[in-house]
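Same chain, two partners: chain A is paired with chain B first, then with chain C.
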Partner chain A sequence: MDSAVWRFFAGRGAQYLLVLALTVALNFALPRMMPGSPLVFLAGEDVGFLDAEQRAQLYALHGLDQPRWRQFLTYVANLARGELGYSFQRGRPIAAMIGERLPWTLLLVGLSLVIATALGAALGALAAWRRGSAFDLGTLGVAVFFESAPPFWLGMILIAVFGAGLGWLPIFGAATAGQALAGWALLVDRARHLALPLATLTLINVPGTLLITRYSMLSVLGEQYIATARAKGVREQDVLRRHATRNALLPVATVFMLNLGYVASGATVVETVFSYPGVGRLLYEAVLNRDYPVLQGTFLIITVSVIAANIAADMLYPLLDPRVRRR
Partner chain B sequence: MRALVLVLISALLVLCAPVPSPGQAASLRMAIGRDEGSLNPYTYQSGYPGWNLMTLIYEPLFAPDADNIPRPWLVRRYTVSPDGRTWTLALHPNIRWHDGRLLTADDVKFTYEYVRSHTHSRWTPQVRLIESIETSGATTLVMRLSAQSGGFLMQPLADLPILPRHIWEGVAEPRRFNDSTGSGPYRLAEMRDGQFYRLVANDAYFGGKPKVREITLPIVRDATVTFTALRAGEIDTTSRALSPELVAEFEKAGGLKVVRGAGYASTILQFNVEHPILKDVRLRQAIANAVNTRLMVRLLLLGYGVVGSPGYIHPDSPFYNPSVAFAASKSRAVQILNEAGYIDRDRDGIRETPDGRPLRFNLLTLAGNPIRVRGADLIRTWLRDVGIDARVVAQEDASIIAQVWPDFDVCKGRNFDMAVFGWSAPVMNRATNLRDLFHSDCRYGTINIGGYKNSEVDRLGNELAATAEPARQKRILYEMQKAIAADLPVHVLFYQDGIYAYRPERHDAWVYQKGQGIVNKLSFVDPPRR
Partner chain C sequence: MLLLGALALAATLAPLVSPYDPEQTVADPFLPPSREHLLGTNDVGQDILSELIYGARISLTVGSLAAALAVGIGTTVGVVAGFSGGWTDVVLMRIVDLVLVIPFLPLVILLAAYLGPSYWNIIIVIGVLAWARPARVTRSQVLQVRSLDYVEAARAMGARPVRVMARHVLPAVLPLAMAQFIVAASNAILIEASLAFLGLGDPTAKSWGTVLYYAQVRNAFLSGAWVWWVLPPGLLITAATLGFALTGLSLEERLNPRVRRARAS
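What follows is the complex of A and B.
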């Protein structure tokens, strides 16, 4: 690699390090800026009956008696050693807690992102190609509907229809509680539990990609090289596939990469409605419980994965779009 | 292919099904609303159902019966000295930990000393009075108290679960310790954070055979989803109380049974008694008169509740003083305001104090609780009718606590006007409840969040705490209720009934514990024979 490339990556690297440092600081500050004390979650519900000495003991045990700047130094030092600490509420190592939740979230949100992107891109391209047709208008209407539907409400509707009404699918959890399954039965059980949250999340995410693809496709279809291709006598299908879609998908790829970074953050609302044991629900409960270490840990994981996705996008984009390649 | 899958699933189901013994229900799925740690004494989370579920695994020496009266459980016989300060307890001789070791007096002594040195918000304060504990042999121990206590039998004896010494000795940070070896009728067989718990009956239980072979506790975060799952048959019951608007539907639904009983949890209008204007008792009386609690019970609870008593105590409690009833009257409210000189002098619809300050207050309420939000809105409307301006501020729990009860420490003061607040059922059951609620010294009035001061109530409260005799406790509580009803530091709005729904075909031997509900030990095992 020549020095220009090096300079480029060194510059980017410095930028990302700065972002990381800022988020580490914010992760520490934000939870502590919320009103409310974590004491009840350190001690339990009857915290009111403790005397002053016992309260002080509890604060000291969790380092909360220290001045803020010292708490911050401890947090950074631990982080440097790769320690995320223990949950106030659950008393378990945070790395283990996130580790348990992450696979479920990656499965649910990751799969939904892939399906939603594929479906949205296909429908968006078709809609643009047949601009003004009944298909276009219908797709647009449905897309706008799901785009504005609150996830909570949509989840409830699916539960009422496919869970309670028809009885086809389970309505909560990621697996049948307390049943030891193996092989096919296990796969089927997981898939059945995944179906409704996945459908909710996908329905909500399709419109974004669909609308971007449609818009991007429309502008590509107006380009002169499309007219040229048609004039050359290229078949309409090939115009759409080889000339238009490939170029129209560039912004879709960008959005996909950005969303990829957020996969690890889970889907708080959908995970909560369906009692799905993902990172989003962990985060939501940590906010309610003022569980500072869990908040710090999850935010950190999310930040790192967003930055990683950005780096990946930076590196992939030149491959997708020759125009941004640098010499 | 599909047939093959089905065959495989059914084969697995048959293989995994627990085998109940005669007279025992096979399995039960009961949804709970949140994680309860490792269901051990230092990691369980909620007072209800967390404590109740935890006591299926770890057992206190006594256990409250269906009327909340403590009965011997691990203890077979006990005597109390005439001065009430020496308790001699004899344990059942054949109690075993889930790992097979014997539970002895030594474990009990260890536990009582452990919670003293390893702060637990519930039990560390309860064991303060204990001066010494001596064991003699494997089953006998003697506890000496520094003073007579009104609540010792209920707390800690019927409250603090016994820990196995051989496992907990040397555990320095109990809240990070996730062992679940207890002595109770159930063993924790499996646990998945955020997903479920699975309890299996302890075949070697000293007290007899548990009523259900296996209990699965899936965690279902959302209330609506929980009740949908119950209707759909995906669960057999839930620890969540049924909301009033669902009662009629569930009563009609096939395969479901609904039980209802007194609920000791209160919903109150809490005044900041130190507030420069609200410190006037006449103003508080006027507000209480303007609030139609009867209508509230009809509108918000659809009748499934009891109108609040101004002395705090629930009418079903043995300590309730029936002479302190309160009947609200709007005209009486107007009359009190006029007589006290709260007049709308500037004709803006809001009355002012004699020195010209408008009667304008913030009314805090819990955003996630529709009954409290609607309750606050009703109060706002009714107060507006009599010329008082209450602005409803709905916030989440931690934010409300930060204003009403900063750091959960009454000694740190308060920063609010009025709040729709509430106390859970155990507050009603504590023998010293009215002292905790209303003593002006924040060391004793640990939940006197309004900053109420009345020397007569303080005196009675101190007497109450040092009285073990029920008849005398009752007399003192009668007096206290009268004093509180006159001063109205809080206006008790209502007590919501506990309503629970379950599938009787799965398990029908539920016991409704007064004031609380169906999730308690008695629903799963009968008391041991002496």
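What follows is the complex of A and C.
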């Protein structure tokens, strides 16, 4: 890699660091900026029932008696060690709580992203190839509908139809409670629980990719080299697969990146509807319990994940587009 | 457009067209649809159809106001960045990129949880966070307008930059801002619905999202009740989002220089 590429990454890196810094600063500032005692946000609403001595103790425990800049340094130092503080609802370390939830979300979101991108790209390319056909218009209509529908509502409908109505699939959690399963049975059980949330999340993620692929495919199809390939007598399927689609997929990678934040949002509501034990559901539980430290920790982790995914996408992009590599 | 018109009309005329007061218990709870209650009743015996008609007011108002705020900020930033160029432009666009990276809904949830449930808070939070995209689109338009003859002429005659921006550049980007507003409104409606669904809505006034929230809390989808309790509000949200999005896209197609160029090639 030459220096231009490194400069590109340095610029991006600085930007991601800034986002991270902002998130941390926001998390630090929010409980201290709100009206009333910051203790309510850091230690729970029961604080009101404590006597003066206990309050002073708690105050010292959270370092609130120290100057702001010292509090901030301590806060950042704790974060750097992976300490996110304690949930005042459960009294457990937040890092451990998130750690339990993260694999489920990664499974759900990761699978959904892969399926949605593949499906969206394939359908989008086909739709553009048969521009104006019934297939094209039908796909467009369905895509636009799912793009506009609220994700949590789609989930509720799927539950009503496939879960409660037909009784085909479980609608709650990620595993059947109280059963010791092993091997194949375990896998089937997990897959059955995953099916509906995965379907919901995928349904709302396909349209974005589909619309962009179709759009980019249409402009690629107008290029000279497509006409050249056809004139050379390349078979239509090969023109579609090897000449057109390959080049049309570049913007898809960009959208993939832009979508990551959106996917995180979708996951939050979808996990809530299905009581899927992921990070998004944790965020919701924290809102319900007004468990502010958990809320902040979860938000921080989601931001970090999105940044990490962005970086991964940045690194993959040059592999896809030789022009970026050369520049 | 027709879709939007119908929804807006229903929202404006809510007291006239809705058969019951949405806040009043008018019948037994959990009634299936009947001639008196076209969409049945909810868990406390309120008429669901009336709830939805009044909900249109909240949903559409929150969506529009939040979008107006977002586009207001976005257009200002876009005009200043595009017109000034240089460092101002670089810094402002960096901030735009930054805002675009942050996961939107989780941040909105965090802020809404701290600020407490009220529609004003939701409007402000969405507005303050959703301006990045309009800012970017506006800037690209301003870059085109900036080099037009009449703008150059105004500058050459010694008009102050602020005046040139306000008198000559702003009018040129206003139609585009209108399109952006509509796109932003469709997003804002979805986000408001999500927030209300997560229980972060204003408890004193029901939006479509709030209706779904209660349906979820009362497990409406486990019984046959989902057909008239869950399906209609979701379809309304979809219709409103779709209506805004399609109107916005067709406007943008006509006005946005980048889309137009991509079409031409």
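Definition applied: the second predicted complex is superposed on the first by the 254 of 327 C-alpha atoms of A that agree within 3 Å, B and C clash if a C-alpha of one lies under 4 Å from a C-alpha of the other, contacts with A are read in each partner's own complex, and residues count from 1 in each chain.
To be clear about the criterion, a residue touches a chain if its C-beta (ideal position, glycine included) is under 8 Å from a C-beta of that chain, and two chains touch if they have at least 3 such contacts.
Because the structure is predicted, anything quoted here is derived from the model rather than measured.
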For A:100 in the superposed arrangement: first (chain B), second (chain C), both or neither? first
A:184 in the overlay: touching chain B, chain C, both, or neither? Say first, second, both or neither. first
So, does A:243 touch the first partner chain B, the second partner chain C, both, or neither? neither
Of the two partner chains, chain B (first) and chain C (second), which one does A:214 touch, if any: first, second, both, or neither? neither
Once the structures are superposed on A, label A:306 by its partner contacts, choosing first (chain B), second (chain C), both or neither. second
Quick check for you: in the superposed arrangement, does A:193 touch first (chain B), second (chain C), both or neither? neither
Between chain B (first) and chain C (second), which does A:281 come into contact with in this model arrangement: first, second, both, or neither? first
Thinking of the overlay built on chain A, is A:92 touched by chain B (first), by chain C (second), by both, or by neither? first
If you stack the two complexes on chain A, which partner ends up touching A:160: first (chain B), second (chain C), both, or neither? both
Both chain B and chain C contact which residues of chain A? 34, 156, 159-160, 163-164, 272-273, 288, 290
Show which residues of chain B lie in contact with chain A when the two form their complex. 4-5, 8-9, 12-13, 16, 29, 31, 34-35, 37, 42-43, 45-47, 119-122, 124-125, 173, 175-178, 190, 192-196, 198, 214, 216-222, 224-226, 228-229, 231-232, 234, 396-399, 401-403, 405-411, 424, 436, 443, 446-447
Please give the residue numbers of chain A that touch chain C in the complex, ascending. 15-16, 18-19, 22-23, 30-31, 34, 41, 144-145, 147-154, 156-157, 159-160, 163-164, 215, 219, 222, 258, 260-262, 264-265, 268-269, 272-273, 283-284, 286-288, 290, 292, 295-296, 298-299, 302-303, 306-307, 310
Can you name the residues of chain C that touch chain A in the complex? 94, 97-98, 100-107, 109-110, 113-114, 186, 190, 193-194, 197-200, 209, 212, 215-216, 221-223, 226, 230-231, 233-234, 237-238, 241-242, 245-246, 262, 265
Touch list for chain A against partner chain B, complex: 34-37, 39-40, 42-52, 54-55, 57-58, 61, 86, 89-92, 97, 100-101, 156, 159-160, 163-164, 167, 170-175, 177-185, 188, 272-275, 277, 281-282, 285, 288, 290
